[in-house]
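So that you can tell them apart, the chains are marked A, B, C and D in the order they are listed, and the count of residues begins at 1 in each.
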Amino acid sequence: MSLLRIDDMSAGYGAGDVLRGVTLSVDAGEIVVVLGANGAGKTTLMRAVSGMIPRRGTVELDGEDIARSSADAIVRRGLAQVPQGRGTIVDLTVEENLRAGALVRKGKGLAEDLDRWYTTYPRLAERRRQKAGLLSGGEQQMLAISRAMMSRPRMLLCDEPSLGLSPLLTEELFASLSRINGELGMAILVVEQNAMIALEIARRGYLLEVGSLGDSRPADDFASDDSIRAAYLGQ
Amino acid sequence: MTSLVVDDLSMRFGGITALDGLSMSIDSGQICGLIGPNGAGKTTLFNCVSRIYEPSGGRILLADLDLLSVPAHGIAAHGVARTFQNLGLFPSLTFLENTMSGAYSRGRAGFVRSLSRIGVRAEEREIRADAYRLLEFLDLAHLAFEPAADQPFGTLKRLELARALAARPRLLLLDEPAGGLTHAEVDELAQTVRRVRDELGLTVLLVEHHMPMVMGISDKVVAMNFGRKIAEGPPDEVQRHPEVVAAYLGTRA
Amino acid sequence: MDLLIARIVDGLNNGVIYGFLALALVCVYRGTKHLNLAQGEMAMFSAFIAYALYAVGLPVPVAVLGTVLVGFLAGGLVERVLIRPLGHHADYSILLVTIGLFLVLNAGAGVIWGGDPLPFPALVPSSPEDYIAFFGTRLRYQPLLVLGVLIVVMTALFVLFKYTRLGLAMRATASNPESARLLGIRVNRINSLGWMLAAGVGALVGALIAPSTTLTTGMMFNFLIYAAAAATLGGFDSPGGAVLAGILLGIAENIIGSYVWFVGTDLKQAVALVILLAVLMIRPTGMFGTKKVERV
Amino acid sequence: MSKRTPLVALAATLATLAIAGCGAAPGSTEGGSSSDNPAAAAAAQGLGIDLAACPGDVTTVFGPQEKVGLTLPLTGGPASAFATLGPGALAAFEQANATADLPTKFELVQKDDQFQPDKTLAAAQGLIQQDGVVGFSGVTGTANALAIRDLLKEDCIPALGLPAGGTVINDPAYPGIVQTTVPFTLDARVWVEDVNRRFPDGTGIATFIGNTESGKDYTADIAKWMERTGSKSRIVATESIEATDAAAPSSAITTMRNSGAQVLFAAPTGAQCVSMMTEMANQGWKPITYLTTNCASTAFFSAAGPAGEGVLTVQAFKDVNSPRFKNDPDVQAVRAAMEKYSPSADPDNTTAYGGFTYASVFLEAAREAAKSDLGLSRLGLIVAGRHLDFHPPMFIDGVDFTTDGLEDMVPVEAGELNPWSVAEGGFVQGTLYDFEGQLTD
């Protein structure tokens, strides 16, 4: 059974739907990427899944219906978010941001978790007492991923992690997502414009074109044909 | 015949270089598409040309006029008009009034004459007639006396175009005109932009993510990434340019 | 010298009240970034409730704790019924609603308890003979008690904000509500809690200072102006800053009013506002406020 | 619907204006006829009233049923302090309607003015134009009375029995306005005379005065009487307080204490009466303290507790809550009248008795007018109001209500200077000061 199952979901902001009849699934332990050019509706898709905007249709996490749950409830059910633009809580320190990520879960292991992410992203450890607003873009992205992982989610949503980052940093970041997937068996749904890098770590991919989602295809398939280029650059 | 020349333009915000020695040019009467991934510097360039930003270095020439020597509020009078991503219209004014509001920059009546009303009426009549002709041209005349509020987004986009044209520009800057439009509306808008260029003889700089539109109407395309120009040329060339493909699709390291 | 000390003590007495009420303002602001103009009237109404509890025979400390509890619940109710339905971006409407609440509470208290000032018993001995002599002036137990409770409450709030999960959730919500939701924080509940805390602190202020101001419907009006000034001066997100700014404001206004010949008592309020303006021109975030730090 | 409301209101206003205008026109043409009555002409001339300028005939005797207006704060902050005045006044009018043999029954119409002068003016206009009141009783507040006196003068409508202590109220240009409370100038005169008596060689005086209109009266009157009585005392500290300031006035007290003053003249507002006394006790400062008559209520002094001991106030009214007047037959009669004729009146509230007393001045003037040649008319009321000499039942013995045309404009010119006694739980009888005929300038 799919960990995340979305069936015929539509969503938008006020007048008119931006997404129309989207169907998508993510299995446990899998990285799935949604590719799409700017303006295709990637962020709308993410915000619809995470309950930040109203949506219609089926949204299930591990068989539980979350289509009518509020955004915070969805997170508490184990679907963690890395929002576009990283959602850094700028007035809190790096460590407070991480602790805020762990607020939804009860139980012990906070120190171990902090340790784990400081080890994964040593630059965060160096800046743990700094205000998070002072971090560079790449560091803030690392913070956003670690913070989402601090809730020990069942699944991670990543909205365009490469945004505003240099190719080198993007590469580094995707490598870390791949490790998180490998080491923790974490299912990850990532929407991303940078197709080549995303496809490198994903098992399957979807192509989002102005509000409608194509069928899922194995990552290698995309790499070998021209469909993405056509979608991104026209014709 | 060159209309807009951007020469070695740089723009730095704090420690970040948003434009890095960028040069490009558009011939008079051309439609030029400006593309690039998020954060490539398109909007920064756009805002430099429309004089919202003061570049850190370089030149911008419109025909023989040094645009950077013109004060920001004066560029409209020198033939540069722009549209906005999220519509800069007045919802309570009618279509005609909104269109007329675009013409104030070319009004000849100064402050004193406006006060004394000498010659102002005649000028106002002229502007009104002009605005109405523009609405007719853009198939909006039937809405001339309707308020802008509550009209469909696609219609308002065309109204914004009408308002920009009311300033009788030589150079029209379009900032993501396709954003928020449906497929059909985008096609319609593309045709309109073409027609405007053909019939009014404008030069158009278009920043747009919607590739089919850019590739469909542009005479030339400039692609940017990380503040630099990575390709410039006809659409089908730019589309296949390896650096452009890499910028959009990413690369395998 | 003795006179100067007396004036500092006088200023301190008022400053403690400014600081205390400012603390309540900060509680709402920290959670929700809203300024509650009805804060003073809520405190005044709470003091009357304490009086009513005392009048039916409860011991004074129980009456005070009782009104804090009532205030706490009422604060939550106000948030739930009046503020939340307006949505998260309704800053202007929320300001108007708090003005409305101000008027309703003021008129309501007048209708219920009348216009005559009521005597409210202090928690500590407060007959004219109860004081500690201090350089020719009298340190009285009542303001000392207010100061003591203020320090305790401020410390408690500091610990709450800085060292507890709840406090972290409140700070995260205040700084970036959208992100907070995406971390699973129940933002609405946190906002409620901010109002509850503020109303609880306000109730405590009202009941504690009523013995020295006497209990009337107008008792909080002026204090709110000073408290808002103190909260602004101290930086709206800093409990310690608001309290310190309140105390300094009380002392400064008194010293300047007494020793600068053209100021006098008539212009004391103006002094507070001039200090406010001066500080804001130099430090827009207040003396102890957090600067918004963010890299592009 | 919501859009139509202002239109309806506008239409109503225009209609009202039109009716008022039509009503005034024939009246003004007939106005000349009143000069046919030589008694009326003489009486009017004596008070400087131009009968020809009055709309309608002010000499027309009232019908069997007329309306009297009263403006007071029923909503807003001051409402709780003053609203009880209305039911007290109502008791007096209803009692008179039921028992007195006046040819006219008076219906009291109360209107809210929130204690704001501009609203008082609007309320008074409404009372005159819509309700057609023939007079006012109990317009509350000096500034409020000032706001409407031109309107009343234009319409030649009397206002008798005003709880407005300001010195400016007693102005010969406005003969129809009759004050009925301890005027602040009496307060100031008594304080100065009492200090002169205690300290023939002079002493230092501190003043603590509210930053209000009446505060200005106090400051001016204190200076005036100190000069006229040749007082050897000096004012050594002048502190003021904003009307809205609720903080204990510790800094002002500190300053006054350090001035070495032996005497304090204090005129703060409302609850400040209490916090001032408490703060003085807290600082251990015990000058001879004279406190404004506005503070002379048992409620304030009870709240002040031991701090009120010995503080002096001028009193003209019987304090219904003090042991001294608990069993006073007049107080009990008024209490009975309130219980019978206006059950909503609070029989323990001083202000309610005040309302009764203000109304009783109007009713006394009505009685006198009915007996006079002028009869019970608007002019009759004005003339009678300016020539009253009686003892309202709620006045302390020895204090009378006396007016004498434009010669003596100040009706209440005597008062007892009474110290508060904590042990008695009330003011105890002190010295009676009587300046009959000496306060009008």
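Everything that follows uses one rule, which is that a contact is a pair of C-beta atoms (placed from the backbone, for glycine too) under 8 Å apart; a residue touches a chain by one contact, two chains touch by 3 or more.
What you see is a predicted model, and the numbers here were worked out from it, not measured in a lab.
*Asks:* Please identify which chain has its centre, taken as the mean of its CA atoms, farthest from the centre of chain B.
*Replies:* Farthest chain from chain B, going by C-alpha centroids: D.
*Asks:* Which chain, with its centre taken as the mean C-alpha position, is closest to the global C-alpha centre?
*Replies:* Minimum centroid-to-centroid distance belongs to C.
*Asks:* With contacts defined as at the top, give the pair, A-B or A-C, that has more of them.
*Replies:* A-C
*Asks:* Could you put a whole-Å number on the gap between the CA centroids of chain A and chain B?
*Replies:* From the centre of chain A to the centre of chain B is 34 Å.
*Asks:* Go ahead and note the Å separation of the Cα centroids belonging to chain B and chain D.
*Replies:* Inter-chain centre distance comes to 73 Å.
*Asks:* Determine the centre-to-centre distance between chain A and chain C, using the mean Cα coordinates as centres, and give it in whole Å.
*Replies:* Chain A and chain C have C-alpha centres separated by 43 Å.
*Asks:* Between chain B and chain C, what is the gap in Å from one C-alpha centre to the other?
*Replies:* Inter-chain centre distance comes to 52 Å.
*Asks:* List, in ascending order, every residue of chain D touching at least 2 other chains.
*Replies:* Expected reply: no residues.
*Asks:* Mind listing the chain A positions that touch chain B in their complex?
*Replies:* That would be residues 15-16, 37-39, 162-164, 166-168, 170-171, 193-198, 200, 210, 228-229, 232-235 of chain A.
*Asks:* Which residues of chain B touch chain A in the complex?
*Replies:* Listed in rising order, the residues of chain B that touch chain A are 37-39, 153, 178-179, 182-183, 209-212, 214-216, 226, 235-236, 239, 244-246, 248-253.
*Asks:* Can you list the residues on chain D that touch chain C in the complex?
*Replies:* So the residues of chain D touching chain C come out as 75-83, 211, 239-242, 244-248, 250-252, 254-255, 258, 270-271, 273-275, 278-279, 281-284, 297, 299-300, 302-307.
*Asks:* In the complex of these two chains, what residues of chain C are touching chain A?
*Replies:* 165, 168-169, 171-172, 174-176, 178-187, 237, 290, 292-295
*Asks:* Can you tell me which positions in chain A touch chain C when the two form their complex?
*Replies:* These residues of chain A touch chain C: 50, 52, 70-73, 75-76, 81, 83, 87-92, 96-97, 99-101, 103-104, 131, 133-137, 147-148, 151.
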